[in-house]
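Handing you this structure, nothing more for now.
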Amino acid sequence: MKKSSLLILLSLIIIASLSMASCATPAPTTAPVADQPTKVAASTEAPAVSEKEVQLTYLMQQDAVLVPAMQAVVDDFMTEYPNIKVTIDSAPFSEYHTKLGTSFAGGNPPDIFWTDIRTAMYASQGVLMPLDDRITQENRDDYLATAWNETIYEGVTYAVPLHQLTEGIYVNTQMASDAGIVLPTNVEEAWTWEEFMDVAKTLTKREGDATLVWGFSQQRPLQDWSMLPLFFQNTAETLSPDLTEASGYINSQAGIEAMTFMGSWYTTEKIVSVETIPDGFPNGSLAMMQAPSSYRPLLESKFPDFKFTIVPMFKNKSCGVTTGGWNLGIASASKHPEEAWILVDYLTRTAHEKWVTTSGYLPARKSVIEANPQFGEYPWVVFMEQLENCAVTRPATPKYSFYFDTFKQMVVDISVGGDVTSVVNRTAEALDAELGQ
Amino acid sequence: MPKVQKLQREEIKSSFLLLLPATIGLLIFSFYPIVSAARTSFFDVSALSLKYDPIGFTNYIKAFQDKIFLISIGNTLFYTIAVVLLQILVALIFALILKNAFFGVGFFRTAFFLPAVTSLVVVSTIWKIFYHTDVGIFNSVLQTIGLAPVGWLTDANVVLMSIVIVGVWKEVGFSMLVLLGGLNIIPADYYEAAAIDGASGWTGFWKITLPLLRRSLLFVTVLATINAIKVFIPIYVITNGGPMNSTQTLVFNIYRNVFGYYKLGYGSALSMILLLIVGMVVGLQFRLLRSDVEY
Amino acid sequence: MKSITFDKCTSPSSGVHLNGSLKGKKIFQIILRYVVLAIVGFIFIFPFIYMFLSSSKPQAEIFQYAFPLSWKTLIPQTWTLENFVELINLLPYSFLHYLGNSIFVAIACTFGSLIINATAAYAFAKLNFPAKNILFGLFLITMMVPFEVLAIPLYLEMRTFNWIDSYEALIIPWIANASGIFLLRQFFTEMPKDLLDAARIDGCNYLSTFWYVVIPNSIPALITFSLIRFQASWDSFIWPLIVTPSPEKRLVQVAIATFTTEVDTRWGLAFGASVMATLPILITFLVFQRYYVKGVMMSGLKG
């Protein structure tokens, strides 16, 4: 096979495709966005049940605890609405959006599905059904205001929050008491950056060059979920209010300070290991761990003898902790939008209490929070107090995936010793170029 | 002569029948998607909505202004050259050692081939654990013998080499197997004749083994190159392209654009550039390693 | 390394005239060879040893002694089968169900692949027809485009064929395979021309030559090919993930990925599942060991 003939072949392909390109036949698109206003307004009374049996598909994150918990809730639903049959499919967490996105491309998405901060991305492509007509004001007001942040794109609501999630710092109780560290119990007493650094340095144990115990770590290391609070604690933002510009925000004085503080964890102070240490917290090689509320049940079941205390996130000029969670969306291509809405409404309203108590996530509805005194007690209160007062949401831009990758690259590069100012400036440039389009 | 013509016709007819099923399969499941991707590369398309907006060569122009894409070409070429050279060299050494039967030879052949038949996702996860700067087994061993730890996954100058090691470890067994086959069809009397002429082992290797191994070498080189240029899973599992873009590679970049940002048109344009690069490299290899040897 | 290479190249003639000092040198070389092979071999199988030992630890112990390095880092303090028991009792389907799916899909792929690609490879290796090189080049091109960009057009095809969430989608697109054809063409090309000519003279046509001469004489090569195709199907991940939404038709690699969730990786299950997913390949491998060792040597042809 000669190189020249290979080149001829390649050019043949290109010519063939060019000639096809000129025809520009549009490929079949997914069903058009519901443009006529929907007739049925949501209400708390049981909606009119149609006689015909309807099949709904429901995609959620695969998890050994979550899927059975959701199945139990869906079983309740099917008892109440015997004509609606719901099939739960699930996808592994790290490939969830690969799978959901492909199903949109193929025009056969699940009727209802979990969607997170990427709701705006899906909505911008017209694959989600707008839900404003169905969500009553009373329903909307029952939620903590922050819960809706991820679900709205250009003023239209495309999903309903299923629950909330936020973080705290898990402290190895034994190590803290050995070192005589006083643990804060509420946001008021939360450590400042300096206090936190002192605590982390005290807890770090070294022997020669080797570090036996690292003072701090994060369950979701080196990404926006864990690191965005640093910006907000220092009263900086990463993007302009319309989410199209990063220069002057992410690389503002306050932003650079936040990233310099973070960089010092890895480079000068060495209180955090750049790479995660699997199971390092319960095994005693990590003294503190920033982790979501849902990490607690897992620790308790996997390491029953391990003692830990949860304290609020550190603060600087203000408090700040990332919140968010999964929301339920309906595909605009769904053949059964009415029944899909009935299911969404049931899962987010009627079943909210059962779902949050079985899944380990946090409640997002005020009525449920008030009805359950446990949420006012330790450990729940640590999270709930921050959820209500210090909530930070990731930017709901249709280009969130790009933002995520670029932000992650920034914090990774700083953690391995990159110059903070130049890395942040480079990041601002990259974000401007993409988000500004 | 009619007889010859008839024979030729029969040969062509047989070839047609023999090739038909594979050709149909490839047409439907490989060429159609490739042509479709080639076509898509001239559109602005979101993979979510599949609305095609013709934009001519814009995707290609954008590609060459995309810093990360240009970095990824460099990284991919470095990775490919390093993996292919090391893989072929190590495979050749293994094949020469394991050519003859001796006690335990089957065990060693199996050991070296084992990585080639295990899941890349699984082995990448395990290598990631081994490479850990602070608690990984490699640095533990280095420290135990008194050497300084290496930032396998944190030092931007080292990380791509760490991925090269995984690539070589995974693929070398397959190359070894093919080269073993190539070595074993070289008739032993060639060496005997050479020995009578007083040729030493090295001369035998250069004058007999290597030339007669050319076809096998071409084959493993081409396959190794195509696989190496398409490196994706170890990057996806171990490094995600970082730190400092040091492990950004072409296919990782394509995956990100298609499945991360749903830029199907742009991702397709990048793939066509990739196709051009692989095509040129492979064409060059065919030219350099062409072999006309018949036994 | 060098001395061993040297030794192997001269081995066909060196056995005849050994004297005392040469014999000593020879023994030294053999010992050196074993030492080097043992070290390199250990490095190659170490990840598998690690995987197996980790899967035999209780969940809490897997990384307990990761650092500093000691024998506890590897050897379980408590040997347990709990990970495997949990995998077998996994909900909604036992891990064995996913293994079964993968075995079915991989066997179907391999079998189809064997028939279709072997015939094409034979034509490329031993027959002459017009545009042979161009066609071969076209086939090679299909290997040069990354699957990641073909996934969506291919997915849309599956929609057209109504194959979403079916075994067809997992098997049929992967049967015709250019790298498989390339591989077998390589093996067939090395088959002596005399043998085929002899068959032709005996009155065989091309198809019967393929069936009666090429196939029987390349069983080892075909087995090697099958192992590689089996493994490629076994290793597939993104495609089964997107094309089969329901857990009922899930394949092993996707099932293994589900042990990493939003909050945690269930390492015990992940390692256990990896061991279970490696075993079928390993067993197939050991069973056919003597073939693949001969595999590409065509030993049957030389007698």
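We call the chains A, B and C, going by the order they appear; numbering starts again at 1 in every chain.
One rule holds in what follows: contacts are C-beta pairs under 8 Å (C-beta built on N, C-alpha and C of every residue); 3 or more make two chains touch, one makes a residue touch a chain.
This is a predicted model, so every value here is computed, not measured.
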Make each chain a node and each touching pair an edge, then name the shape: line, ring, star, complete, other. complete
Chain-chain pair with the highest tally of contacting C-beta pairs: B-C
Computed distance of Cα centres, chain B from chain A, in Å: 37
Centroid of chain B to centroid of chain C, CA atoms only: how many Å? 15
Rounded Å distance, chain A centre to chain C centre (Cα mean): 38
Could you say which residues in chain B touch two or more other chains, in rising order? 34, 47, 134-135, 143, 259, 264, 275, 279, 282
Which chain C residues sit where two or more other chains touch them? 66-68, 138, 140-141, 151-152, 257
Name the residues of chain A that each touch 2 or more other chains. 1-2, 6, 9-10, 13, 27, 98, 102, 105, 107, 210, 277-278, 280, 285
Chain B - residues contacting chain A, complex: 34-35, 38-39, 41-43, 46-52, 54, 129, 132-135, 143, 149, 151, 153-156, 240-245, 256, 259-262, 264, 272, 275-276, 279-280, 282-284, 286-287
Chain C contact footprint on chain B (complex, rising order): 8, 10-12, 14-19, 21-26, 28-34, 36-37, 40, 47, 93, 96-97, 99-100, 102, 104-123, 125-127, 130, 134-135, 137, 140-141, 143-144, 169, 173-174, 177-178, 180-182, 184-185, 188, 191-192, 195, 200-202, 204-205, 209, 215-216, 219, 222-223, 226, 230, 232-233, 250-251, 254-255, 258-259, 264, 267-268, 270-271, 274-275, 278-279, 282, 294-295
Within their complex, chain A touches chain C through residues 1-2, 5-6, 9-10, 13, 27, 57, 59, 61-64, 66-68, 87, 89-95, 98-99, 102-103, 105-108, 110, 210, 212, 219, 277-280, 282-283, 285, 291-292, 294-295, 298, 302-303
Which residues of chain C touch chain B in their complex? 1, 4-13, 30, 33-34, 37, 40-41, 43-45, 47-48, 50-51, 66-69, 73, 115-117, 119-120, 122-124, 127-130, 132, 135, 138-146, 148-154, 157, 172-176, 178-179, 181-183, 186-187, 189-190, 192-193, 205-207, 210, 221, 224, 227-228, 231, 234-235, 237, 253, 256-257, 270, 274, 277-278, 281-282, 285-286, 289-290, 292-293, 295-299, 302
Hey, which residues of chain A end up touching chain B in the complex? 1-4, 6-7, 9-10, 13-14, 16-18, 20-21, 24-30, 97-98, 101-102, 104-105, 107, 121-122, 125-127, 209-211, 214, 273-275, 277-278, 280, 285, 399, 401-402, 405, 408-409, 412-413, 415-416, 418
